[in-house]
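My questions will all concern the structure given below.
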């Protein structure tokens, strides 16, 4: 029995295979529409998230399964002082697989220790969000033909964004040797992470506070949201916010086949008129998230293409 | 691909046909119990509503489909500043059809502009509530044999009640020439709406603050809730509240085959002992809401009786 | 048509039969996986409860049915002043069976009076919780071979715990003549209940504030949570809390085949290292709750093994 707490729980071969299965399901969803019949997903969101929750709920339903759960811990026994270990042990009898989001880092790991059914981490604090990484990878594969071999830039809040950290780490595992990083000084990629990647995978980072400096080089441009409250002061925020906003104008020098990704929700870091540019694939990215989550749940439940021989 | 944002989005023929299909489903629900198999309804209630939400959820499930959604915008990405347009574009990948209630007038129209799947307006502020109108019409047809040709009275808060506005407008389109309106001075039907209907459909309004004045004339008596906070002052409210309360006593002069309707929830504007009167059909009205919503979703999804030839 | 508002609504024969059916479903769940196809459970939690709600939701889904509902009355029409009677009458058209939890004692009884579909009480204030009693009984039967004939002890808050009251009453109906009661002075079983049981069923109670006094005698040891706020003063709480905590140490003198039960959630009244003791069956107790609720809903809906001849 397997869990998915962090991307490293999956080998590169397994990730490749999940991405490929996800793409197959995307091509012929009908063939998979009953593989989870009779299965129940417990969708436990101790912290709200429209997108991740709905993506999982939809994925399970599109495979013929059912969903129980909550999107607000206030209506749960956690309020009565129950430990997460107890909550999960009981859930084991109500469901066949769990996805959980929790504000506390490491909570899914604890849950996995006490669970006899698969636990999927749907985001734990600023820590990990492995199914977002799978979503990013299947999107890259769909639009660029393969996961590796692209020049990638990340832009925005690179300090706190768990999405970026997970994806960079995974791309490094896949052999990417250089990343372009565009962020304000306060929100640079943490040095500890850079050091770790440099030493383990001999990765090289090119940093700049100006999007314009790098955009013409890039195959995959990964935008993220900058939260106002991350800035040390209002003046910095006002001065910098437009530097990290992607506009039609800034796209002029970009490659014709570049793709623009964003984990969403977006606030204003991508101008709305960029949406019509064929390079903008962030909505399709949400779409692909459903398919790779279908593949993941099928794998962990050992159903459909993953039935045991 | 079609949306339902306001009743005017449907022709009179289409409304007739939805009502008839709803009645057919009511007669033989079993025949329709699988027509939405594999379909997902996103039930997005940015503002709470037991009745409308459950009616839609039940309607989709009774056709074999599934439901994702929320009944409280606080658990969504809207809180993170995401635009409605973005929320809807992402939902397009998680569901096959959307019903939404939103406190902001016009929000479903905006959603429809950005959606590639059908959007149904489940109520936008004080503006429109088209599926309540369909519910009202199917109820009239079930109990009075046909939609048109009845003397109709509306009683209660005629100023703010979107239900009343939508239904009066639609009945005028169907050819009704006269409405009886019973309300306190402060809560009369807006003049702008009256003028519009008079000019466009030569409709005539007979207004009175006394229920007793009109009840003996009426075939369809439509009650609505008066919210205390709508009154200008407490004294007016205390003075008037009983005039707009339907009691067994006031029913004495009513026709034997009159029907009493109410969109519910009721507070105290219909005395509880009226419930046992055979003319009271407001609970059956809730019942019919499920069937006409089944017909509507089948039509917008082009399934069952609406499969494309 | 039947409701389940309190355990006394079921005869001893019916309880036995539900327990036996629950055990059969537990043995071969696959045989029951479609018996509620097309059915809808309305799961109305006017007061939160993870465990009971999820147990019912899961039970209905495991029989192929669907679930609508809420876990928070704030998102409902109750807020608009609608009576429970009206809410239930409308729910009759949206669902086939209702489970409700309500903070007000007697609310499910009121609901049953107005309902044409079965109402199950999922807990009303400090009053009744009949499906917890069924859960307790099926657990005893699974682990002890039969419902009756065991020496039972109850420990913790015996004053306010509706779970304990319901189970003691039901065990008395089944012929149990003696109960061991372990609780602080402030939280003893109410005298009125004791008198009632003594007079009606000639039951005998042996009370002690020390777990150690009774544990060696017991076949079924039923623990409950003591809420700090139940104590009259902090000093009492600090003095007593460890007396009502079950530890590995205290288990040394217990019988080898004793079982330890707890309705959960637990806070700290059972030490975590007791979980690994084979006598600890409180998680399996949650498990059995799903199966006996499947049996109950099948019975009330007259499906599967309860189809009318």
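Assorted remarks:
We just call them A, B and C in the order they show up, numbering each chain from 1.
Note that a contact is a pair of C-beta atoms (placed from the backbone, for glycine too) under 8 Å apart; a residue touches a chain by one contact, two chains touch by 3 or more.
Everything quoted here is computed from the prediction, not taken from an experiment.
Under half of the residue numbers found at the chain A and chain B interface occur in both copies, marking it as a different-residue contact.
Note on chain A versus chain C: their Cα superposition corresponds to a rotation of 120 degrees, in steps of 5.
Chain B has its Cα centroid 41 Å from the Cα centroid of chain A. Across the assembly, chain C contributes 72 as residues in contact with two or more other chains. Chain A contributes residues 33, 45, 48-51, 54-55, 57-58, 61-62, 66-67, 71-72, 264-267, 272, 283, 286-287, 289-290 to its touches with chain B in the complex.
Those residues of chain B whose C-beta lies close enough to touch chain A in the complex are 38, 40, 42, 66, 68, 70, 72, 74-82, 85-87, 89-95.
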